[in-house]
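Please find the structures below.
Look at the two complexes coming up: chain A is in both, with chain B in one and chain C in the other.
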Partner chain A sequence: MAIDYSKATGTGSSSGAPGGGGGGLLRPSIITGIIGGVIGWLLGHWIGNSFTQGYQQVQGSGSNDIAEFMGYIFMIIGWFAGLGALNYPIQKLFGVEAEAEEPVTEKGWTKYFRYTLDHKTVGVQYLFGMLVYFFTAGLLALAIRTELLSPTYHIWSPDTYIEIVGEHGTMMMMMMTSVVLGPFGNYVVPLMIGSKRVAFPRLEALSFWFTPISYFILLSGLWQGGFQSGWTGYAPLSVQQGVGQDTYILGFGLQGLSMVCASTNIVATIINYRAPGMSWSRLPVMGWSMLSLGFTMILSIPVLIDGLYVLALDRTAQTSLLYSGHGGSSFLWENLFWFFGHPEVYLLAIPGFGLVAEIIPVFARKPIFAYKTSAAGFIGLAILSFFVWQHHLFQSGMNPDMRPLFMLTTELISIPTGFIYLVGMGTLWRARIRLTTPMLFMLGVYFNFLFGGLTGVYVSDVPINVTVHGSFFVMAHFHYTIMGGVIFAFFGAIYYWTPLVTGYQLSEKLGKIHFWTMIIFFNSTFLPLFAVGLLGMPRRVFEYAHRLQFLNQWVSISAYLLGASLLFFAVTFVWQLAVTRKPTVRNPWGSRSLEWYVESYPPPAYNFKRVPVVLSWPYEYGDPNALPVADIVNETKDLDPVGRA
Partner chain B sequence: MSEITEDRPAVDEEQLYHEAALGSLWWGSRISIALTITAFGGLVFAYFYLRSLNSHGLWDPHHQTASVLLGSLILACVLGSAIVQSVGARRLRSGSTIDWLVGGFVALGLGVLAGGFQIWELTRLNFFPGASGYGGVFVAFAPVYSIIILLHMYWLETLLVRLVRNRAVLDGDGGVGISRQPKAENFRANLEGFTYAWNALSIMSILFFVLFYVL
Partner chain C sequence: MSQNALDDSRSVEATRKAIPKLIAVWIVTSLIGSLLVWFVLGPHLPPGTMTDQAAGAQFDIRFVSTLVPPVLFFIWIFFGYSLVKWRVKPGEDPLAPAADFRGNSKTQGAWYIITTVLVLFLAAFGTYFLVVPAGAGGGEGPSPIWTPKTKNMLQVQVIAQQWRFTYRWPQFGGMETTSIYLPVNTEIQFNVTSLDVIHDFWAYQLGVKADANPDVNNVAFTKTQQLGRFTVRCDELCGVWHGAMYNYGYVVSQAQFQQWATQMEAQNAAVTKLLPKYATTYTPSYAGNGGGYYPPQDPNANL
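Let's look at the complex of A and B:
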């Protein structure tokens, strides 16, 4: 029986179209969103200035944070109103059901610039949105490395330099939380679990459309004096900063809201929308990683938003929550921030590991090793990540008796991490490995994470932590875990799923050039930074000892070459999708996972002609007697990639 | 493999996705409770943290609290709203739609009143926001509390107006509280989710009252 999608029936079951009717430029889209945002900003800024006329301390400060906040808040409302995202909630207020407009079947490239309810469109929007984030933050990284070419000759002023450092760090951390869940969680996971839709399509769409506005707000900080507190936003510096700090608060806060929306949707989708036969023991490991990620986000991100809110109040409402002179404490920020901040590290690692564990068996041509252990590893990481945050405060003057406890919990977390590592190694053991581009990137994750993970064990120990705290050693450690881990997995996933998402195959030769240049220059950039840190160079300074010049120049030149490798990817990726357009073959990697058994590439509206019935585990590689993964396999295997017989 | 395809169990897609939507409503409402708890959790942590630190003896040097009268009114409205709505929802499940409609509108009125009182209280505080640790935490807590109350009231209002406008459809087959029609089941799942979320907030409200007005 086919589902009638023509009528919406309320929250949780609605597929009604977002936005209103009408056509042309006035149809809700990114253009009307921008118009709404500009009008909102002007209105809000005016209201904020009018509202605070009588406040001497604001008028005399040279910067009006209240007007700044009001401007941005109204801009956000205008943005969503312009996109048409508010139509449905307002309609519901009056009991009007959403119009039937078949939103998921919208064709053409313009759908990527609209508030759409199709999880695949949202996934593609996220992919390009995250690439814009990544390349912008990457350019800022090159600006940092340019400054550090010389220990004494300067490109930037000290203020500009620290602003760039803050923007780079914040933008990267904001982007990384979404970089797997956004594109691949939204696009691929519903297909993997055999679903035609997601649980909360409006929340999913909302989660994406938070990201462009948070990107713009954060970037606008650069021409408003920036935020010299860096991505950690420590008080009291963050309270004393100019209006640029407001962009940090709002940008980060919006990204937090985005992740809450995305997590709610992905958790409800995986739990409720699995196809018949997709038992928990048959759920792809990527599903387990997304589930662990979702729960971790739901329980940690509201605390970050609390912290940002408290900071905003100190800056606008003249509370003194972060100032001990009036009964507050700057340590309140540190605790609220790191209660989110350390789980966040695992919010980045978990989905990266999920991608690796998902893709490696395809190219190892053997079943994933210790499947249940990998699921336990994800859950263990998610739970333990809430008990380690105080290790960021070892140097803050915390009670010394608490240090061993948090050292122990931090070391404990290496156990579930080790589970996931061993799952990969066990899968590769005696496998017939195919060294395709996606596989190379996944192996690269294991190589890089070895450095990042092992140094993580060291920096969790109090004596070493005290020695290397605030140095380039720590900076190198987390770049190895995050960029070496999740970003390598991200690029591998792009090469892996591009045939499915676009219908075009990316060149293996170009992909391998990208991989080898990236891994060589990545290691050439970050490995020497361990030495730089051990030799005593602190982070966030733009002058350093002459004896460190050679190492810093080496790193800077390596960073340029790493940038060139990424530019090579960007150019060849766009070129292959826009110009050469080599059609893919069906299921090019020989995967057993359900997403490859859709009727056509890219998958049609509502994904499957009928709901598949899952018959077996998706990792039965190398077993000729294994059942097909689902009953639709035989129906689609003889079709060509565009769905013709 | 052909026999697998032929013998596959018949999947009623409509029923499958209907049940998935009900499950999503269950999970969505529980996640909203988790989000509310963690959002308030940060502020409650701030309360205890600053209270225990008592920096420079400035946690609450003059023992000034927000208006106990207004705080009591807010708590009474929230608890009253939750109780009336819960009783109405129970009556709905036993077939009396009108009881829930009346109870729901009363609960809506009380909830909006609670949110309004909380905003009003913020405008007539007898302390400066930065005067003490307590003052700061209260000024942080009050807007979040009123916004979350009003968001719950938005949820309740959409349920009420949905039933009012679609009563002919929803109320058939013995009443929306009993009917096995998918739309009625969906409505009940939504209402059940709201009831849990609103009751959870009302229980948290007792804790907030103790923290901000009693201790």
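Let's look at the complex of A and C:
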């Protein structure tokens, strides 16, 4: 695998990246992308409207579904053309030798606003992109909680309220699938496996640049009447809706394409670009989690895209696939949606667990316990997640006799989930534990996920599901697994890898303040919601029983405090990167993993001067005589990573 | 094993000594926790005991909740002990290696077996309490296979539409009411359907929940056993006024029910005549909001 990436071979230099020649504003960047998008939208919308003359307009909007779709589709094309993403494929298509540029070595901050092919740049782009997503959707969550301060007094009109709920949920679910793979999978995994590059840099870059436009399209729903169908988009409600629903279809669909691109790249990279000596039995568990995640996405997301396509046909071409009366069925959407949707919710958990299992041994100074079991846990979760989707439909009347089977498969998922607990607990047993900020976040995942897992038994038990389905109990359950699991792991990973990614050290003190406030207010926000749900409050409602007011107010106030904790993170994080800028030392956590043995932080272009040879397992923390993880360790260990004199 | 790992608190001997104590603490706390859940919390757990199915759900929730403290305390005690005991103390070298083991076949084996047994037990438990109480109050689709023994059931059709519920009573001349009264000690069959989008009929205190799908008859059973008021809420997002789609019903004595039903039948007679023939399903209209039995475009209108 030690390939020479020199230009002459034509493999490594990824020639023909966008916009060689010419500087200034016309050089492809996010600005030209936006210009392209606007032009595309105007053109597409005009075409759509012109060939649907006389076609029923959606009341007062001057728009109909066909014009809406055409506008957005042309906008997407314009966006990518403006970004310069199409130059290379088009040049190749016409047999022109693509213009050469060395995009991977580009310096300066402007590269973050361009279509670039360096996996580290894409990782950073993803990190900030996902944070923008998270904070936008978080604000929407606070808007929901504000409405629920009172059972009958209304802040929002009922339609605005339900649109906010849908935007919050859809945005979070879209973001959450990429929240670990995007920033950390793309940035760290190639370094961990000792590779100079990823397998498909163009797919990877494409996957990122789908996200700003899908974010924009989804959000634009809010000023086009929104969609009232929630993130689940059940038909026929979603067929009945106005043009706002089209933003759901396109936004979600684009994000789906993004995820397919990103996972294809990561799977190919892990399989093909491991350094010599990086055998499967030495692959970091993070790699195993990314591999399981990638395969699951590649298999499940096309089903979502199919479903969205069917929905789009019903809305534009007036087919009747999801609508009874002309042979369609609303069950079709429910099946397609959850056949994607359930694997997806485990897609959120797997990378979170991957981070946990990766980071805990560093702070326990012990080999990871039951390494193979953890890999088996990820693979088990990935496989089983395809066999449980109807547990969302226990009361739907669909295949009612299959309920015991789906109850069984759902409960079986507890076994691989239990593996992850076994791995963590075994690793802590007789360890030397350092309670650093990243470690606290990882322990927080175990604390929170426990509630998510235990309440999972309630929701999967069909007789209990009769009471809790569609109530705030379920809402609390999945926030515990997703927010309490993945998001905590995500923040821990930010604290853990920031020194590597930026060369700056984050303050432990500020980090710990963030951690403690976040875990306290997270629990005080979501724990009472189990009770609220059991006491009979359905999800997605703006009116509820008076006796539940106290609990709801408690939750809302906790949610504001949780928001404050997250704001505290945002401010201190940006402040430390932009103002205090405390340079880090080499390998600040004492990790054995390969990513820390690059020459400098952030790592240089093409990561390693030469492809390292992996000599030992990355988790040999217990054996002082173990070989270093790779041959480059001794070459780089005395170099100063941030170039202090 | 390195010398570092042999310092006192992390030695094999020290941990061996600690294990029985930890287990004792675990057993005592779990026992207290479980007893409290079963006896103190248990009788107050939702959804109450207004019907057999609600009581069954309450029992299931009570039982599963009783299993929670042992699991919770096991994890908490483990983490608590590890973090207190094995945390690096000031002055210790934080990067010194700890014990060097990568697994333990006995622990791992025990873990796999215990979790598997527990999970299989839970699945069996859930299946039993789904099948025996005739579907446990959940929607069972058009042709349920788990049905009550009685043949004489009160039939109630629940018709959901944006954004209200109405009820049709095939045994009372096919009348349709906006309110719902049920007789006590009676086996009831709900036929839930919708005229437009997906809704869900959730009668909280009755322990009944069934999606209302257009063109589908979703059957759920329950047997009333206490008098009282129950809440009906729509539990599947159905558009703008989903949050306001609720009403209340009453379980009353059989005599009172007969009286109510006869009165309603008489009162509604004029309307009942205009209603379409009773059917278990209705096809949604294309008229958008509101739906209805007889929109101009109703594809079934000329059948």
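Quick notes on this structure:
Just so it is clear, the second predicted complex is superposed on the first by the 613 of 645 C-alpha atoms of A that agree within 3 Å, B and C clash if a C-alpha of one lies under 4 Å from a C-alpha of the other, contacts with A are read in each partner's own complex, and residues count from 1 in each chain.
Here, a residue touches a chain if its C-beta (ideal position, glycine included) is under 8 Å from a C-beta of that chain, and two chains touch if they have at least 3 such contacts.
These figures come from a predicted structure and were not determined experimentally.
Shared-chain residue A:K92: touches chain B; no touch with chain C. In the superposed model, A:Y309 lies in contact with chain B only, and not with chain C. Once the two complexes are overlaid on the shared chain, A:N272 sits against chain B while remaining clear of chain C. Contacts of A:S324 after superposition: both chain B and chain C are touched. In the superposition on chain A, A:L299 contacts chain B only, with no contact to chain C. Of the two partner chains, chain B is the only one that A:R197 touches; chain C does not reach it.
Of the two partners chain B and chain C, more residues of chain A are touched by C.
In the superposition on chain A, A:Y446 makes contact with chain C only, not with chain B. In the superposed pair of complexes, A:S507 makes contact with neither chain B nor chain C. Chain A residues 323-326, 329, 331 lie at the interface with chain B in one structure and with chain C in the other.
Contacts from chain B toward chain A in the complex involve residues 1-2, 4-5, 8-9, 11-14, 16-25, 27-28, 31, 34-35, 38-39, 41-43, 45-46, 49-50, 53-56, 58-61, 128-137, 139-140, 144, 154, 157-158, 161-162, 164-166, 182-183, 186-187, 189-190.
Within the complex formed with chain B, the chain A residues making contact are 1-4, 9-13, 89, 92-96, 195-197, 199-200, 260, 264, 267-269, 271-273, 276, 298-300, 302-303, 305-307, 309-310, 313-314, 317-321, 323-329, 331-332, 335-336, 339, 610-611, 613, 615, 627-628, 631, 633-635. Against chain C, the residues of chain A that register as touching in their complex are 158-159, 161-162, 228-230, 232, 234, 236-237, 240, 323-326, 329-331, 364-371, 373, 394-401, 403-404, 407-408, 411-412, 414-415, 418, 421-422, 425-426, 428-435, 443, 446-447, 450, 454, 457-458, 460-467, 469-471, 534-536, 538-543, 545, 590, 619, 621-624.
Those residues of chain C that touch chain A in the complex are listed here as 1-2, 4-5, 10, 12, 15, 45-47, 53, 56-57, 60-61, 64, 67-68, 71-72, 75, 78-79, 82-83, 86-88, 92, 94-104, 107-108, 111-112, 115-116, 118-119, 122-123, 125-127, 129-131, 133, 135-142, 144-145, 192, 196-198, 200, 202, 204, 207-211, 213-219, 231, 233-244, 246, 283-284, 286, 288-289, 299-300.
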